[in-house]
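Note that chain A is present in both complexes that follow, paired respectively with chain B and with chain C.
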Partner chain A sequence: MATPFSPMLDALTRQRGVTAALVVSERDGIVVESNLQIGQDGDRVAALAASLYRKARLAARAAGMGAVSFMQLEAPGGRLCAVGGGALVLVVVAEASVNVGLVRVELLKAIEGLSAAGGEG
Partner chain B sequence: MSDDVRRLSDELARDPGSRVFVPLGEALRRQGQLDLALKVTMRGLERHPHFPDAHDLLARISVDQGNLQRAFDEWDMVLRLTPGHHGALRGMGFVCFQQGRLADAERYLSAAVDAGDSDEGVTLALANVRAARQGAGTPAGGVRTVDTRREPRLPPGTTHDPRFLFADVLSDAEQTAMLLDSDGLVLAGAYVAYDGRDVAQEVGAELSGVTDAARRATRHLSLGEWTSIVFETEVAVVAMAPSQGDGLLVMATSRTTPLGLVRRLLDRCAERSAKWLGGRF
Partner chain C sequence: MQMAVVEAWIEAPLKHFVSETGAELALLLHPSGQVLAQHGFARAVDVMSACALAAGIHASSGELGKLLDGRPFRGLHHVGRERQIFLAEALWPRGTYIFLTVFGSESSLGLVRLYFDELVAALVAAAPKEVAPATPALAEHFERDLNRNLAVLFGRA
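And then the complex of A and B:
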């Protein structure tokens, strides 16, 4: 069944090197919708990514830097990227070789749709 | 904006590395623009961490803002950099007097006079302090002397005040960096917000646990140990890297800084913090 998030998740997982895309509730880290490869455990990734994003948002607020738009965690074996919109976080897991510029653009494009579908947090 | 402030601002814009931030900060302070004066001075201190006049100015701004403890600490820094500095001794005497520490106030003001401060105000202040002490029934004699020739007291194996550990690594006044321990407490550096406040403690508290969450995420996804986290905000880019003992290095720069440069700056800060933690800096 198609949901408001399906087009953005499909657009992201079509990117070469992207292995998972998830819409997650920032507050409790629960998966709202996901496109995962077979065998991936989305729940734990969602909880950890939401926690990281929340820490970044609170730190930015403490420093008076305004809202966080894009976040990226980098490791030798891949990347975890996220953007927030309202009460939701859109998370992407990707291989190290992914074109992170393209993923970033797709994620930033999705923020508006995310806020509209998920409500303001 | 007065002509002086405009001229000095232009001069600083032309040469951000110059020391003109001190007269500019002073002009702003005199105009009562304390937040702006503080911001200008803090930014300047990031580039010139060992410039006594800048610490002296920061102390006077702090007094105007009612932050006597910070004023005292800054004058203490001035004294370390310039033993016998009249303004610092006078200022520390003033702060002690305001805090009711009359014996300390007398000690600092006496040291100022002994160091050759001929300002009439100091002589008068010293007389007032002595009178106040006698009025309070406290003997004026037996006052400890201030060793104005003392050397800077820095952590063993280091040559820098930890607050300014990254000052010469960062290339722009818009950049700031700090090193946190595993509990989110500040070990070194500063985190200067856009309004000039040092919000290192607040940011550190919010970021405590990032190292653990990042490690768990990358292990769960079999990505290896995490190497960096970068997040973009409306006005800044913040980059983080793991540090020794589950610590966290945090660097912020303006939104206009290219991401490639952000990574290079983060690497340079990481190198500096590793040296510092190893007692090699």
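And then the complex of A and C:
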């Protein structure tokens, strides 16, 4: 069933190297909608990524740096990118070789749609 | 905040849960209301009240689930203004237990659910292999057992 989030998740997972895209509630860490590959544990990624994003946002605010626009986690096996839109966080899991610039552009483009689709909180 | 357990093998899994989720309170109890472990409570009377309420909520939500869905509801999440509660069944070879936790804005339901699943798996792995025969929580023994467990948790044993 198509939801307001489906087009942006489809656009993200079409990027080369992107293996998962999720819309997650920032406060609850619960998946709102996701595009996952078989075997990926969306609930686990969502809970931990939302927690990480929330803490990054609070840390940035505490340091007087303003709002977090884009968060990237780099690990040997891949990357995790996230942007926030109101009460929701858009999370992308990608291979290490992904073009982060393109993913970042897509995420920032999607954030407007995310807010319009109900992310304002 | 102090953590206290009636049986030592419960402590490590519960400590892991509390440290990973940042839960303010945690309580593991038998459906009869007898406490097995607690974290964050300062007074025995608060543990006793929380156990009684948790057992009551578990029993009533179980019956409600049977009415609506043909089987008991196994988890409950309630959001307050500043804190949230999560109450769920923990199943392991010794039988069914109830887990209650209270968490604030530092944590989230997703994290609590994630580490609750890990807690149950860790308890199953850590539980003594010999399974005690299931004995009903008889009213005549209930208060004695409850008081014994509270005394162990609050250092009066």
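Observations
Rule of thumb we're sticking to: the second predicted complex is superposed on the first by the 120 of 121 C-alpha atoms of A that agree within 3 Å, B and C clash if a C-alpha of one lies under 4 Å from a C-alpha of the other, contacts with A are read in each partner's own complex, and residues count from 1 in each chain.
Operating definition for what follows: a contact is a pair of C-beta atoms (placed from the backbone, for glycine too) under 8 Å apart; a residue touches a chain by one contact, two chains touch by 3 or more.
On a predicted model such as this, the values are computed, not experimentally measured, just so you know.
In the superposition on chain A, contact is made by A:Asp28 with chain C only, not with chain B.
Note on chain A: of its two partners chain C and chain B, the one contacting more of its residues is B.
Once chain A of one complex is fitted onto chain A of the other, the partner contacts of A:Ala59 are limited to chain B, with no touch recorded for chain C.
When the two complexes are overlaid on their common chain A, residue A:Leu36 makes contact with neither chain B nor chain C. In the superposition on chain A, contact is made by A:Gly77 with chain B only, not with chain C. Contacts of A:Arg44 after superposition: both chain B and chain C are touched. Contact with chain B, but none with chain C, is seen for A:Ser69 once the two complexes are overlaid on the shared chain.
Comparing the two complexes, residues 44, 48, 51 of chain A contact chain B in one case and chain C in the other. Across the interface of their complex, chain A is touched by residues 105, 107-111, 113-114 of chain C.
Put simply, chain A touches chain C in their complex at residues 24-25, 27-30, 43-44, 46-48, 50-51, 54. Note for the complex: chain A touches chain B at residues 41, 44-45, 48-49, 51-52, 55-56, 58-80, 93, 96.
Interface of chain B with chain A (complex): residues 191, 193-195, 199, 202-203, 205-207, 209-210, 213-214, 216-218, 220-236, 238, 252.
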